[in-house]
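The letters A, B, C and D name the chains in turn, as written, and every chain counts its residues from 1.
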Amino acid sequence: MTDPFTYSRRVQFSETDMAGIAHFANFFRWMEEAEHAYFRSVGLSVRTEYQEMEIGWPRVSTSCEFFVPARFEDQLQISVGIVKMGEKSISWEITFSRDGTRLAVGKATTVCCIWSNKGLESIPIPAEIRLKLNPA
Amino acid sequence: MTDPFTYSRRVQFSETDMAGIAHFANFFRWMEEAEHAYFRSVGLSVRTEYQEMEIGWPRVSTSCEFFVPARFEDQLQISVGIVKMGEKSISWEITFSRDGTRLAVGKATTVCCIWSNKGLESIPIPAEIRLKLNPA
Amino acid sequence: MTDPFTYSRRVQFSETDMAGIAHFANFFRWMEEAEHAYFRSVGLSVRTEYQEMEIGWPRVSTSCEFFVPARFEDQLQISVGIVKMGEKSISWEITFSRDGTRLAVGKATTVCCIWSNKGLESIPIPAEIRLKLNPA
Amino acid sequence: MTDPFTYSRRVQFSETDMAGIAHFANFFRWMEEAEHAYFRSVGLSVRTEYQEMEIGWPRVSTSCEFFVPARFEDQLQISVGIVKMGEKSISWEITFSRDGTRLAVGKATTVCCIWSNKGLESIPIPAEIRLKLNPA
């Protein structure tokens, strides 16, 4: 796995539910936020112009296991790293912690695609982007 | 005002917050849902191709007053009508009720625009669309 | 698996993203909506008073695979069934379709819990609730 | 008005819509985030134990005017100040900017309430809280 990048995020009131905890669907939004922060941390954006093409990274699968609830105003540490970089796809692992306690672990697989009027088409990850995302 | 159109909507768990009630920001999503249901009820979509242009209706202002909280699994009656149709804009009024009790009242002003690569440009509401939205 | 229950849901504008498709995190909100509709279809609510206890069903894990994007105003058919009912937990499978095309498949495991001031405590699924959820 | 407090917030992908801009309902979530950050900046939380009571601040009305769209990855400067503090309520004004350009202006009125099993009850803003929120 790449050295994980840590994204810090406070739980907002609108992200809680009537059970008094953060609603689980927000963990998927936060995973994506962390991935995008990872892209920025290496000088990229998840939405990139590349050789006059518009590149994006739709998700083909994602999952999350929940161990301990997150609560309003918690400052989460969201650690995101690449566990595998295939020809066209990236497998991510994301760990959510608060004060050293692990709250949840998520996984996601995203695919490098060109967005056009004709829709989405997967492409091999361009070498320059590959190198920035995973310098190892 | 046009005869109001009623859109029915159940409050979902993900729309509640830790105060045990529907989070206020959802009322703005529900207003928009009701407006779009109104468009469909007259045979339109809020996103329309018109003479090879892509028409949309961005919002320039909106507000809501809250009287009584909405709760999980409440079946809301959302009544939406046009209070004024200007040359380029529509003023909406939206009332949220549950079993005859008025919970909230919202207002919104949306502007008829063409979406293009150059961005948004407001246009006079085309006559055909105007007639469908407000037959009076 | 139990006979699947089908919940119908239109994709709303606020659920789309700048890629022009429904944002993936909404599939997790929709899964939960469908589970809760399943509870209602058998005369229960996901939040139940039972012998003066407040019962809820937090999620310990969930996942989704995405095959085809959902788009604005799509009318989704969300089929939800119970694939396994353990002593304390339920495993759900949820299939998202549009006009017979399968868009995505999700899974979730939820645990029967009592909510109290002391927090969450898992309990065996009460026999009455078990029978209603899975009459087979 | 109190000296405005500035809260910085990046627009996330899940907050965009198919028009390619931030969905308007998010401005209401961001206003609330900024208000809560204001509370923290003066050593309070919007959810406070006070003399064994649970205090909260539900919203009775809110509005927003939109001038310029916000886009993915924009770093917003959200300036929040108190324009009026009544006996039981606070009137807020919130300005959204990006690189010195004003994108939107919102208003909100929140009421000091006790949350109990019996529901919400408005109370005079306790002197200690009043002094921290508006030291002038």
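Points to keep in mind about this one:
Everything below uses one rule, namely that contacts are C-beta pairs under 8 Å (C-beta built on N, C-alpha and C of every residue); 3 or more make two chains touch, one makes a residue touch a chain.
Owing to the predicted nature of the structure, the values given are computational and were not obtained by experimental measurement.
Any chain bridging chain A and chain B, meaning touching each of them, is among C, D; the list is complete.
Within the contact network of the assembly, the step distance from chain A to chain D comes to 1. Ranked by how far their CA centres sit from the centre of chain A, the chains are topped by B. Across C-D and B-D, it is B-D that has more C-beta pairs touching. If you average the CA atoms of chain B and of chain C, the two centres end up 28 Å from each other.
Averaging Cα coordinates per chain places chain B and chain D 24 Å apart.
With centres defined as mean CA coordinates, chain D is found 33 Å away from chain C. Contacts with at least two other chains are made by residues 13-14, 18, 21, 25, 29, 32, 47, 72 of chain D. By the touch criterion stated above, chain A contacts chain D in their complex at residues 12-14, 29, 32-33, 36, 40, 45-47, 72-73.
Residues 13-14, 16-18, 20-21, 23, 25, 72 of chain C are the ones touching chain D in the complex. The touching residues of chain C, counted against chain A in their complex, run 18-19, 21, 24-26, 28-29, 32, 47, 56, 58-66, 69, 115, 120.
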